[in-house]
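The data blocks that follow each hold one structure.
Across the two complexes that follow, subunit A remains constant while its partner is subunit B and subsequently subunit C.
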Partner chain A sequence: MNRPKHTEFKFPTHIDDYPTGPQYTAGYLPETNAGWRTFRPVVDHDACVYCLRCYLLCPDGTIIKDNGVIKIDMDYCKGCGVCAHECPKDAIEMVKE
Partner chain B sequence: MTNLVDIPKVNAKNMTEKEFFYGHKACAGCGGSVAVRLALKVLGERTYTALPAGCMSAVGFIYPQMAFNTNAVITTFPGSASMASGIAAGAKALGQKDVKTVVFAGDGGTADIGFQALSGMIDRNDDVLYICYDNEAYMNTGIQKSGLTPYGTKTTTTPAGKNIPGTVTHKKNLFEIIAAHDIAYAATASIGYPQDYLNKVNKAKHIKGATFIHVYASCPTGWGTPTETSIEIAKDAVDCGLIFLAEFEDGEYKLNRNPKEFAPVKDYLKKQGRFKHMTDEDMDVVIENRDRKWSRMRKQWL
Partner chain C sequence: MKTNKIFISGDEAVAQGVRLSRPHVIAAYPITPQTITVERLSEMVEAGEMDGEYMHVESEHSAISATMGASAVGARTFTASSSQGLLYMAEGLHYCSGGRWPVVMMNANRSVALPWSIYGDHRDSLSLLDCGWIQVYVEDAQEALDMIIQAYKIAEHKDVLTPMMVNLDGFILTHTYELVDIPEQKMVDEFLPAFETPNKMSFEEPKNLGFSSKPDDNTEFKYQQNEAMFNAIDVIRDVDQEFAEKFGRKYHDMVEEYRCEDAEVVLVALGSVCGTIRVVVDKMRAEGKKVGLLKIRYMRPFPEAEVKDLARRVNAIGVIDKDISFGYEGTVYTNVNSAISKIDKYVYKSNFVGGLGGRDITKADIEEMFNKLFSGVENKSEEKVEFFSLNVETND
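Presenting the complex of A and B:
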């Protein structure tokens, strides 16, 4: 698994359900960040040259390399617009949600 | 010692697909999270991560959420380096060979509060990579001045007004203070030059002993910049000469970037809300300080 997925939070009902430390296990993500977004990135796949600058610079790591095509994990994209601003081909556009 | 020239370069094409800092709650466009994410992608899964109080621990460990996909722990504010020393010693005692211990601390946690522990760690030459992501103030607690806040910055503890033009002290020269410990490897970087940063983290990964990287990371919330310009601002800071890219290795300083001409400082300052109040005289102080620093660096390091 390349990146952790959203997991449903179950409220602990028994002492054994609680984590041993102050956190749950690595990559335990019961909440998404999608609600933060005002603008959503939309990739123009014809203009994209797959330079991976967006992949490198996304603060949240939500750009996915998928066999030569850029995809975005909309569960965790915060809509900051770094990808669209840094794209050398202007292949990413920020569209209002 | 490994031959550092032959280590394979890590870039966007060949770096691991795995994300080790994912689903965190940092502000949109956070520069510090770019620094942490890229460093962890270079260092890989077998990394012990120690973070003092600061943005990256605040956004990564929100119970029950756990955004770090590596072994990670929050340390005391002044003791991040000593805790990392302990982790490295523990890993050695257990006979673990292919592991690295890394600290991600902010500018306050490095240059002010965590400094004596860091100094001790470098003195003992423990196998720890210490990365300081520098956003030039205590951002997590609401933008207070730190030792690395540059001249003229408006913060909540140095408000700009009739009496003072924001911060009245200059940025502490952290890189040379660290280099003065005769450390095995120290470097400065900026997230505006990501490939340079990746190379430096990769180099530090392959050096046994204490290493230090000072990475300039923008903060849209504290700097008053639009979220999408985070990377551009960090690049501008290097282009106008306020931040330099350098390395310290085998007792020698090396300037990685020595531009013939600097981009205008005023354009860089005017883009940010934290410098909006600055007058031309204030900006001249910044430029004068930059020129003095560069003439000394060029004379001594080249």
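Presenting the complex of A and C:
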């Protein structure tokens, strides 16, 4: 399954622009949602062993697997710090925004 | 046309219609007087006469929840209820129509407690007139079977995608045995195409079903739902015509006029009582009285055009309501009256509230209603809501 990305939302201008009832392609993300983040995760890529524990445990699915390197989707990361807390190598540090 | 008639009850006729429509999922909870329908379906599934899944759910709320969930992902579904059970479904009924999931249900019209009553009237379904379901009322067991098959074709039409409730009078229809023609499976398969949901999903194309909406666009979804209900009017007409060509039985679309061509006075009614009214119309016609019947088949969408058309041609319209909206009038009357008010002509009107909690509406009652309409026109009587055939004196 492809990881959904933020898509620019155009408000419908005609009734036919609406889907039939309240259902639509899943993962259509019209808004970013990270406005209240106070601390941001910063990955030490030298320390990271790509175990993907953070990928599994991130409550918002913002950890991106990118050819052996961990990336974080800052459009949706709320800064909860679960990844930093759980990282067995202490490779993620929470840094104040 | 070849027929295959068997002697069955209205409930069994519904079960046969469901079997022929090949639903994937049936979820229902038994309630008098609908019970025989779901018992028969359960037996058919058990015996392998049907391929569908029968879910023995623990309540009506679960029955509607299960069927709308299955419908949302493209299954053809069936549920059935009555009275208290239908009301227990009420939350789900709105949810289902808002989701645009074309569940088909049978409702055995039964009174609503208190006083507790298992007998028939229309207070259950009419109190849910605004839940966004297409509502059809049938007159006999054959029409019940045929309308189940038609219901799938109407509800699942891409311009409609709205659930549909097939209503038949408790006991009078559900438990009366009649000769009913059972169509051939092959012909039903030709008539009824597979349901194509707009919500097809896969791992490549996941869908988000039944999301919430903000005030920004809730009204648009409700507008769309209302349009779909109006779209159903044309679809009902087309499906009935196609059904007539295929099976040789036609149900006259939104309403059926009986001997209304030159009628002066007409009674409007739903469901089984129409059969009795036909007999009275024939008798009074033989005596030279110009009376007629307007059988309303669909309460939603409402046959406004047909009611207006009739009102332009007659002097008086009486509406029989097997229900009462306490503190006002019968719900059928309110709807009929609204249509009549849009024409530029005075028509004498009267509302006869009767048949509550299973009380018979007799031929003598109906003849008296016709005579009251004639005298109402002649004496320019006050238009009123009248509880018919009360057994006691009142303080009025």
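Just so it is clear, the second predicted complex is superposed on the first by the 94 of 97 C-alpha atoms of A that agree within 3 Å, B and C clash if a C-alpha of one lies under 4 Å from a C-alpha of the other, contacts with A are read in each partner's own complex, and residues count from 1 in each chain.
Definition applied: contacts are C-beta pairs under 8 Å (C-beta built on N, C-alpha and C of every residue); 3 or more make two chains touch, one makes a residue touch a chain.
Keep in mind that what you see is a predicted model, and the values were worked out from it rather than measured.
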Open item on the list: Output check: A:56 vs subunit B and subunit C. Expected answer is one of first, second, both, neither. What do you get?
Closed with: first
Open item on the list: Just to be sure I read the superposition right, which of the two partners does A:35 touch: subunit B = first, subunit C = second, or both, or neither?
Closed with: neither
Open item on the list: For the three-chain arrangement built by superposition, which of subunit B and subunit C touches the greater number of subunit A residues?
Closed with: B
Task: First, second, both or neither for A:88, with subunit B first and subunit C second - done: neither
TODO: Go through the superposed model and pick first if A:20 touches only subunit B, second if only subunit C, both, or neither.
DONE: second
Open item on the list: By the touch definition at the top of the document, which applies to A:76: first (subunit B), second (subunit C), both, or neither?
Closed with: first
TODO: Jot down the residues of subunit A that show up as touching in both complexes, subunit B in one and subunit C in the other.
DONE: 19, 22-28
Task: Footprint of subunit A on subunit C - complex, ascending - done: 72, 98-101, 161, 198-199, 201, 203-213, 216-217, 220-221, 223-225, 227
TODO: Enumerate the contact residues on subunit A facing subunit B in the complex.
DONE: 2-4, 6, 9, 19, 22-33, 36, 51-53, 55-61, 65, 76, 78-82, 84-86, 94
Open item on the list: Applying the document's contact rule, which stretches of subunit A touch subunit C when the two form their complex?
Closed with: 1, 11-12, 15, 18-28
TODO: Would you mind writing out the residues of subunit B in touch with subunit A in their complex?
DONE: 12-13, 17-19, 21-26, 28-31, 33-34, 37-38, 61, 63-72, 74, 191, 194, 220, 226-232
